[in-house]
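Structures for review follow.
Shared between the two complexes below is subunit A, which pairs with subunit B and subunit C, respectively.
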Partner chain A sequence: MPDLNLKRGISMTKSSLKSKNIHRLILGWIFILPALFFITYASVFPAISNFILSFQKWDGFLDKKWVWFENYIHFFKDGDVLRYLYNSVYLAFLSTIGAVVIGIFLAALVFKIGSKLGTFARLVFFMPGMIPVAINGLLFVFILNPQMGLLNNFLKLIGLGSYSNAWLEDSHTTMNCIVVVNIWMMCGITMVLSYAAIRMLPTSLFESCKIDGGGYVRQLFSIVFPVIKKVIGTAAIYTLAANFKTYGIVQVMTQGGPGDITRTIPINMINTAFNFGEFGYAASMGVVLSLVVVASILITTKLFGGDTYEF
Partner chain B sequence: MDTVILNKVSLSILGQKYIKGDFMMLRMKKVSLIIAVVLCFALVMTGCGSSTSNTAEKSSVASVSTVATATAATAATAAATAAATAPAEKIKLRFYGKIVEYTSGEAMCKALQDKFKDKYEIEAIQVDWGNLEKVVRTGIASGDPADVYQWWPTQLKKFVDSKMCLDLTPYLDADSGAWKNTFVPSALDSGKYDGKYYGLPEDSNFAIMYANADLFEKAGVAIPSVWTWDEFVLASNAIKEKAGVFPFVVTSDLIAWMPRFGMASASMKAGIKSEDLSTGKVDFTAAYFTDVLKNIKSYNAAGYMYPGKGSITQKRDEAKAAFLQGKVAILAEVSSFAAVIAKDAKFKLTAIPWPSMGNKSNAENGDKSDFDGLFVPANAAHPDASVELLKAFYSPEIMKIHADNGYAPCVQGVEISNPVIKSLVDISGGMSSTTGDPININAKMNDYFSKMLMADLCLANTSEADIMKKIAELAK
Partner chain C sequence: MSSKIKSSSKDDSSTISAFIVTFLLIITIYPVAFVMITSIKTTSEFYMNIWLLPKKLALNNYVLAWVSGHIGEYVLNSAIVVCITVVSILVIGAIAAYSLARLKLPFSNLILFLILACMLIPSEAIIMPLYLNVSKLHLTGTYISLIVPYIGWGLPMTIFIYHTFFKTLPAELLEAAKIDGSGELMIFTKIVVPLMIPATATNAIFNFSGWWGEMIWSSITLQTSNLRTIPLGIMSFNGQFGTDWGPYSAAICIVLIPLVFIFIFTQKYFISGLTGGAVKG
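Right after this comes the complex of A and B.
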């Protein structure tokens, strides 16, 4: 009798678990499928299609011709395009370094000034990232205007009029102006992530450092930054990837000019594909840039790798 | 006791579950692999499909082209048949020609929509000037283009060469050229390539200089009807010295006019044929071309261009604001903005032609008349309906709206009452739509002139000879 009950129990439990598993599996697929479909349709297919296109010659209208590595050979022989690649790397790395460093220190400041004022400060510092890129770009175009701009007029006001400049025309300042705007827009993300990570740290860590005579700066460099290093790494990777793809801010502020001083690979890709009708060559630029981005992310991951702390 | 046993059983079942889990993982891997293979297969099929669709598209283009190049009678019959057998369900047409920058744009499209409200559902799409070429190319390449596109008839050659435009000749010639005769002949010819009409002119729109006549008077400079570059430089110097303002402003998107018109007028003086300049069959390293660049460079270096530093990167709003505030005496702009500028100017405004670097004569100084216009893509879904749309758009009723808003239409029989527009029409009368223009050589040349040349010349201090060498390279 007990044996029969046991068998029945086993059989019921088996069938119930099996049905639960199937149910969970179906439910999982139902949740995943829409996203999977859209991501595949909007990202995976175009990426693969772009890769295939990079070995072809196509003017966007007539038949495609296979040219294999011709586009890539052209890329590495084209001094202008290599300069645009350098511009992309320069813009991405400098913007990321600036955004991450400033973002971390903003997080440390916000953490220090307390919860009420800190909430307000967080909102203010994060706001540039929420404003559309076009508005941010136009805002700085007005600020940097040589005649009517705030910056030059401010310099004149404080007696430094000789330093006023055509910021978006001078080859020495144009790219750096875009870097500054990028930093302004992106530092909020690092700030929010770092702030959340700092908030997670146990107060005992700060107290023990305080007992040992460490001030806030010491606490930051000896405890906070090493412990939240992985979070900073995540912010850095996100910022780096976003900055490599930068198209909007350059387009709004300079359109890659004056001349081609601030032209980056994404800007040149659009130009090459849609103005020159060289879709295959533009695709090869996209592939090379993607490889550079992947390599940069791997390096960044390595830099920010290390021990995981548990509290 | 039972509970304990059950617990043990549960554990063993859990053990089985894990084993099953592994099995499930294997199945999942297989399923994933199958999905991946199917995806790749689909992709390959998509690739093959695209080639097939391209072929289909080409044949469709060819067939449309064949239909379009058929005899005038056939086309006329087709148009008449299309009109007579209008389908019960309204055809959707996309009219990519709503110019919101023109005060007449909205009203003209509304009138067009009203005219066909029982027959067609017309979607009037705003022209995105900054991305116009991308929009046109991608639209046509997608196989689902708009039914009518905005494009300058004089710059249609690259699309004609790529077989992207519908030949409108049969439609224009039908009924003994009834429709053709409604256009100003010289304007209509601007969209003619190899004897066939592909683009239709909408209004005269050409490069012009708007002058603040009060500042000219203050500087003691007479308003010129035609002038040479040297006279322009002398006038600029007088304006700067006596009126105390910047003589000239041109925006970054129009600044290429300086070398383009300079080269056109210089080449005319040198006896070069217009088409040779437009096709690159000239010696770009010749002295008269490098002199053009020297003139421009020294003009900018003399500080005549607003606002001194930053003169190469002026935005349109900034330049217009500076001109209207009286900070600049001459504004380079298109003629179609005449009514808008005249409305905002608080001073005596007048239009003057570009200075010539060649002969001092309107017809021979390289001034180039240009036109806004429309064309039908070769693979438009409803070519006859598209042409019907164009006929209505170019009717005197709709063009009257354009003229009333201060634009000079290219259709005959439209009354022009605005005196500023009449003066522009007079200036355009002395111009040629076939003036040579190096930007027509190819897209890369266009890009170099539009975005790079002035920066190379005035900011990077590249020598004139090196720039001309680069232009010669691009012309190959």
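Right after this comes the complex of A and C.
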């Protein structure tokens, strides 16, 4: 902005400009320091300590001992822990795929009906994600209760009583019940994002397909979904990151049970640290899980990368 | 969406869509409605027939949940923690983002990048050393042991949203004030702050919903204390009332219903915050 600088040059002497610059820098640092303090204390510093701790053996009281990769070797030789890692990944990926696919179709449906029903539906489908995990979990513990739960009683009501089950106690169904709850909580995010993206598409895009004789489903698959791929990718990454945070939902619904069927890394990690006092080993679990999360996010980014469409 | 070419296939697919959506709405809303109905039935009436509406209101469930179940106390604790957290995040986040976006600090892009990178660190890789530090300071089981980490964890996203917003402010607006002789601080408080209400609303709501239900850190730092926030309180409530479905449902409703209302009144900020960065246009 050359002319503005010129004007300012007239109204100010050079030295007052310089002092203004220093004032600006001082204010800038004062403004940013509190944030840097909190972020460093709460994230950066603990993350570094955790990484260091993962190479040590420590019971929480005596001296820390350097054991280098022993914790990691222990991790990858421990069949149980590997199973918990598998559970974490299973929950995260299956929930994400379910939530994203259902979310896209909800967006397509809501877009098609428009009007008041559509607005109301968007509100309702988005709501579960804004309710604390503990409340959602509790709601489903009640619904899935074998004797008094809504699901079993409903099955009995419509004559399918033989399909009723102790959903959360049965080792075959409990994991997928958690997946269903995750999907119910997270599909709204994908729906809102995809809906916003679909609404921005030009009408001509739909018209051209319609002239070719394509129905709505055809339009969706051959035009809409490919065009909004980037947005779906964003939703998938967000959902995936959220679905790796399994502690809350598993703790509320099953506490990792029956047995350790639904135990995931976060739950096992806290158990290892605070019940067995193996802080170094627990730290290594945190590091491995973090790497898995970051790798999963990178893969998903790659998967949804590629062409962007301009219109 | 207005379509110029009317065809029967459009009407058909709209009708089918409306039908499917209505069905999905029912299976989403009914369970919640069911819990609400159960919350005003006595447990014995519920055991007799789970489907019927209550013959007379059993508001005692709410009293039980609020008093014996301590839900009131948990709500209060969560409210204190979340209010202080959200207000602090908004103030600290706004000034930090303004500094990065507008005050031309050296390395501001690098600093922003590093702050945003912190969002990628999962809490699992943080909580143990943090707990050890907090317990060294004898702060476990206090409000502050929740508030300080929440502020640190909430800031990156908040700074990101504010930063995006400050970048959209027209430079002429700020330059004009500068020519009038206002200092940078004056420009920020007099001109920028009144403009940032929508971004602030988005940030407030995101942080509120994020920290209101936080579980893993609170369950560690509060494990040996009597201080309980909503998520933890609800868990211990679950153990205490187990299959006493009346108070159990009432507890769910006490937490759920206010949130539903808050959400209905603020959803546009949620959605603009969510879609702002992700969808072009």
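One rule holds for everything that comes next: the second predicted complex is superposed on the first by the 273 of 311 C-alpha atoms of A that agree within 3 Å, B and C clash if a C-alpha of one lies under 4 Å from a C-alpha of the other, contacts with A are read in each partner's own complex, and residues count from 1 in each chain.
The rule is short, and it goes like this: a residue touches a chain if its C-beta (ideal position, glycine included) is under 8 Å from a C-beta of that chain, and two chains touch if they have at least 3 such contacts.
Just so you know, these numbers come straight off a predicted model, no measurement behind them.
Student: Once the shared chain is lined up, is A:F61 touching subunit B (first), subunit C (second), both, or neither of them?
Tutor: After superposition on chain A, A:F61 lies in contact with subunit B alone.
Student: For A:A283 in the superposed arrangement: first (subunit B), second (subunit C), both or neither?
Tutor: second
Student: Check whether A:E169 is in contact with subunit B, with subunit C, with both or with neither, and answer first, second, both or neither.
Tutor: first
Student: Thinking of the overlay built on chain A, is A:N275 touched by subunit B (first), by subunit C (second), by both, or by neither?
Tutor: first
Student: Name the chain, either subunit B or subunit C, that contacts more residues of subunit A.
Tutor: So, of the two partners, C touches more residues of subunit A.
Student: By the touch definition at the top of the document, which applies to A:F31: first (subunit B), second (subunit C), both, or neither?
Tutor: Touch status of A:F31: second partner only.
Student: With both complexes superposed on chain A, which partner does A:S208 reach: first (subunit B), second (subunit C), both or neither?
Tutor: The answer is neither, since A:S208 touches no partner chain.
Student: Using the touch definition from the top, say if A:V231 reaches subunit B (first), subunit C (second), both or neither.
Tutor: second
Student: Does subunit B (first) or subunit C (second) touch A:G259, or do both, or does neither?
Tutor: In the superposition, A:G259 touches subunit B alone.
Student: Looking at A:F45, would you say it contacts subunit B, subunit C, both, or neither? Reply first, second, both or neither.
Tutor: Both subunit B and subunit C are touched by A:F45.
Student: Shared contact residues on subunit A for subunit B and subunit C?
Tutor: 25, 40, 44-45, 49, 60, 141, 145, 148, 270, 274
Student: Going by the contact rule at the top, pick out the subunit A residues touching subunit B in the complex.
Tutor: My answer: residues 2, 5-6, 9-10, 13-14, 17-18, 21, 25, 40, 44-45, 48-49, 52, 59-64, 141, 145-148, 165-166, 168-171, 254-261, 270-271, 274-277.
Student: Could you please specify the touching residues of subunit C with respect to subunit A in the complex?
Tutor: These residues of subunit C touch subunit A: 1-5, 7, 9-10, 13-14, 17-18, 20-22, 24-25, 28-29, 31-32, 34-35, 46-47, 50-51, 92-93, 95-96, 98-100, 103-105, 111, 115, 118, 120-130, 132-133, 148-149, 151-153, 155-156, 159, 171, 175, 178-179, 183-185, 209, 212-213, 215-216, 219-220, 223, 230-232, 234-235, 238, 243, 245, 248-249, 251-252, 255-256, 259-260, 263-264, 267, 270-271, 274-275, 278-281.
Student: Give the list of subunit A residues in touch with subunit C in this complex.
Tutor: Residues in contact with subunit C: 1, 4, 7-8, 11, 20, 23-25, 27-29, 31-32, 34-36, 38-47, 49-51, 53, 60, 106, 108-114, 117-118, 120-121, 123-128, 130-135, 138-139, 141-143, 145, 148, 150, 153, 157, 184, 189, 192-193, 196-197, 199-200, 203, 206-207, 210-211, 215-217, 231, 234-235, 241, 244-245, 247-248, 251-252, 265-266, 269-270, 273-274, 279, 282-283, 285-287, 289-290, 293-294, 297.
Student: Give the list of subunit B residues in touch with subunit A in this complex.
Tutor: Counting only subunit B, the residues touching subunit A are 2, 5-6, 9-10, 13, 16-17, 20, 24, 39, 43, 46-47, 50-51, 54-55, 58, 131, 133-134, 137-138, 140-141, 162, 164, 252, 307-310, 312-313, 315, 318, 322, 443-444, 446-447, 451-452, 454-456, 459-460.
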